[in-house]
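These notes open a run of structures that come right after.
Two complexes are shown next, each including subunit A; its partner changes from subunit B in the first to subunit C in the second.
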Partner chain A sequence: MGVDFLIGLFLATLIVALFTSRLYRLILWYSMNSLTLGILALLIGEELHDKAMLITGIVTILIKAIGIPYMLKSFSHRFHFVRQIQSEIKVQHAIILIPAILVFTFYLAEPITHMIHGNANYVAISISSLFLSLLLMMEHRNVAPKIIGFLSMENALFLLGITATEGMPMLVELGIFFDLLMAIVVMNLLFHKEEVTP
Partner chain B sequence: MMPLLLVLPALIMFIVSFIQSEKAKFLLPLTSFAILLPIVKLFMLPKPYALLGSYLVADRLDTYILLVSSLVGIGVTLALLTLDKHVKVSASAYRRFYRFFAIFWIGLSISILSNNMGLYWIGLELATLSTVYMIKTNHTKAAHKEAWNYMIVGAIAISLVLFGIILMYASAKPILGEDAMRFDLLLSHAKEIPSPFLFEMGFAIATVGMFVKMGFFPMNLWLANIERASFYPVAALFSGILESAVIIGFFRFSQIAMEINYTHLFGFVFAYTLLTIFIVSFLLFRAKDFMRLFSLSGVEHMALIALFWVSGGTFAALLHFGAHAFLKPALFLSTGVLESRGKYRIAGALRGYKGKKGQLFWILVSLFILAIISLPPSPMFFSELYGFGAMIETAKQSDHMLAMIGAILLLLMLLSVIFYRFVAIYQSMKYEGEEEEKRVYPSELFALVMFALCLAALLIPASLDYLRSIV
Partner chain C sequence: MIMYLLTIILLLLIAPLLLSFIKAVKMWLLYKKPVSLFQGYRNFAKLMHKETLISQEASQITRIAPFLVLSPLLVTLFFLPPVVAGAFYVSFVDAFTITGLITLSTFFLMLLGLDSASAFGGMGSSREAFIAALVEPAMVLTVFSVSMMSGDLGVGQAGVNLAAHFPEAHMASFLFAAISFFILLLAENGRIPVDNPETHLELTMVHEAMILDITGVYLAIIETAASVKFVIFASLFASLFLPFGLQFAAPVAAALFLVKLFAIAATVAFLEVNTAKLRLFKVPNLLGIAIVFAFLSLITFYVLGA
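Now for the complex of A and B:
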């Protein structure tokens, strides 16, 4: 029951993020999305008595729900991001497009769900989250929402890992976190102004 | 001990890159040369050699690819010594380039040597992220834009690969548990996988991600634009090393997919690569500068390697891979000299080279250009012969001989378009335009000579025997 509610919340936070036109709100919704994912990992880890997933859940909350949103906000202050982020897709079109993506994904994932035991519907939700994250990247021209789209995509893949495989090996999970931090470092460097001195 | 030795030169390079002294400029290339030593040692050891339990295992395939990549790395380092003579590059950007090159090398080594799908992905992601900043060492608006493009499109491509890996892992987890991440176990238990459809779906998604990363359909111009905007050595690294890490993943995944359903794998890769070559041949025909020309030609060759590999021509694929890994960086590095009178001046680009150094340069570049279009005695000539032979052999075992002959004829027609374009460009470079004096620096020449020797070494009987024994 709790897992169903959290999966719904995970999807809901992503959908709300798609309609957001303010950067800080978008960061907040990303943080909420990550928090739901972290709690979800803790709940499923507890259910499966999987210590590795419990650790991953805690790391998710610490890094993705707190650390990365904080860093993104500080980048925004330091590099003067445009905070009014207008979507390229009109709201009335997005209202039709998002449910269409959800229905399409459930149809697309139907053959896979027969092969996965347990949380079969969650796989469809994680794939639809992947498509919605791609939509988030596509609907904005500014770099910051694109980054959040990329990070949300990573969350969707993480959800797929939890639900389709009941967790990936600990080493792989930690490696993915390391790469995510590396991505943040590279983004920070990319935001820096061009050096002028030869 | 061996894993530490493998990453030690890269770690030293990373630390030295923080030293703000003129001496660092000489120390950094030395650390880059040191990368080769542990790899040669690894090459000599009996295979398979467990480097780190079952996580990192050196076999004949990955040590060959690692050896080729380290030689390319040395060539790139040599060209970097005189990069500031051709383009404006700051001392700090130079140091940062090496800093990220060190991270790139660690990621690449993990990716190439890994026996675990997850580790392979982590290494590839690390290598991809480190190249983002290398693009930005060129301080232009175009490079800045392309660095972001690379970051975003590269992230999408790499996410597709992870998506595919998760599905492949999920398909084999019921029988292998957490060991379903291991390439060797997946290969030996491929026929027992309970959900082959799930595996195939994962393979298809991961392959699309890897193909997008190499500039295949529908992202044909993506890589070309990025390589145009970055410095020449970065383009050389992309084509000579990063693509090696991607293609080894394709080799590993496809070996397992072959065991599950060969017909599905062959049909999918065959259609995809043919479509890519079809588009790339016409894009090549319209290319108006060296970087885009060489970059698009790289896409064509990677498509051929993938095609030969799934056709069962593993020897042809590996020979083609080695030849491409040496030829393409050599051409990208020589672009620095060829474009010294302007980016879009192809006519007369091979004229105006005085002295012994100049003469050797234009002769080598001419040979490389003719070798990339598979004129004998280029290793590519032999690899293509063997590759097409393997395709015919595959068709013989099926009921589609006529379709295969038609496809090979179409492929030859497309390759002849590319051949025609390269010959026309070569003639324009050599016989048209004004003769303007151009300067070649010893380090660049040394890099080209090294690549020429490596290409010649590929054709030695012992090398060919080694390649035949890999798979």
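Now for the complex of A and C:
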């Protein structure tokens, strides 16, 4: 029940992020998204008695829900970012497009769900959130929302990891975290570049 | 049967109280001296004594429309899910009927706005039509999805079924429906992200613009209709999305229901203090979220069963 609720919240925050047109609000929704993911990892880890997953859950909350949003916000302060991010896809199109993507991915994930026993629906939801984060990357022209899209795609993959495989090896998870931090450092350079060529 | 009638009378009686409560909480949060909780009743009594003036250009519609605004909402009150266990309830009324009745009331409100032939009324009516057209599909989808989850298409029966066994397996779609319905609650009652109920600025008002030419008894009726509409939405939210406490004895269950209604009103007040009003052409963004969530709840329920 709790896991179902959190997975719903995960998808809900992502969909709300697709409709926002303010950068700080987008960062806030990303942070909420990561927070639900972290709590989800804690819950599933508790269920499976998997200590590694508990650690990854805590690290997720610390890094993705607090650290990265804070860093992004400070970057956008430093480089005077455009805080009004207009979506390239009109709202009326997005209203049709998002449910279409969701239906498509739900049916796409159908063959996979037969292979996994237990919580098979979570695979469908994580694949659909993967597609939605792709949409988030596509619909904006600025760098910052694209980066948020990339980060939420990583979140979706993480969700797939914790729900489908019943816990990836600890080493892989930590490697992903360090990759993410490296990516943020690289994005710093990208931000700098955008500032030079508006 | 007696419980059924008593709860309807109770809901009617607390309708003005809830709106005054929202206003009081808002004023309290803004460090103002809060308005009395009985201000709604006082306004009603005052308006009943006032002279009723009707614009010269107004046709017969102005005389009958206020009653037709209120009556579909009063009918809807009879179709709500029961507040206490064992009470009589109407089980066969589905999402389409409830939405249709509420929209019928909105339709007569729009006619009333147009009828006085002032520029304001027409503007308010066209805005209301714009919002109502977006609210309606989402509302049908949401209520339909929740009643599918409970296993019965009737809204009253759905409330009883949800209280009896909560759909734990369908928590995700339940959550989506709840989000969608809450946005609809804000939009249909003209609360802040969509419409500001307190302003009299021409750029921002929707609901107030339509009733600007109405006075006296008719205004009292329209104000009552607005508060009854809020009670309908709040009690639908309370019995469909917070379905617990029906198994207790009747007074406890009724008290719990009232607590839920006031909690919803307090949430609305908190949201109103913390958000700015949306520009009118941004309203489709918010209602778009509602439509997407409503549809999402239905397809998550059907395809995934989650």
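Just so it is clear, the second predicted complex is superposed on the first by the 192 of 198 C-alpha atoms of A that agree within 3 Å, B and C clash if a C-alpha of one lies under 4 Å from a C-alpha of the other, contacts with A are read in each partner's own complex, and residues count from 1 in each chain.
In this text, a residue touches a chain if its C-beta (ideal position, glycine included) is under 8 Å from a C-beta of that chain, and two chains touch if they have at least 3 such contacts.
Note that the structure is predicted; figures quoted are calculated from it, not measured.
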Partners on subunit A (subunit B, subunit C) - clash or fit: fit
Which partner reaches more residues of subunit A (counting touched residues only), subunit B or subunit C: B
Partner chain in contact with A:Val143 - subunit B first, subunit C second, else both or neither: first
First (subunit B), second (subunit C), both or neither touched by A:Met182: first
Touching partner for A:Thr165 - first (subunit B), second (subunit C), both, neither: first
Which superposed partner A:Ile89 touches (first subunit B, second subunit C, both, neither): neither
Which of subunit B and subunit C A:Leu48 touches, first, second, both or neither: neither
Least C-alpha distance (whole Å) that remains between subunit C and subunit B when both complexes are overlaid: 19
Footprint of subunit C on subunit A - complex, ascending: 1, 4-5, 7-9, 11-12, 15-16, 19, 21, 91-92, 94-95, 98-99, 102-103, 106-107, 110, 121, 124-125
Residues of subunit B defined as touching subunit A within the complex: 55, 88-90, 92-93, 103, 116, 118-119, 121-122, 125-126, 129-130, 132-133, 136, 139, 144, 147-148, 151-152, 155-156, 159, 162-163, 166-167, 169-171, 173-174, 178, 181, 194-195, 197-198, 201
In the complex with subunit B, residue positions of subunit A that touch it: 111-112, 115-117, 130, 134, 137, 143, 146, 150, 153-154, 157, 160-161, 164-166, 168-169, 171-172, 175-176, 178-179, 182-183, 186-187, 189-190, 194-195, 197-198
Subunit C - residues contacting subunit A, complex: 168-176, 179, 284-285, 288-289, 291-293, 295-296, 299-300, 303-306
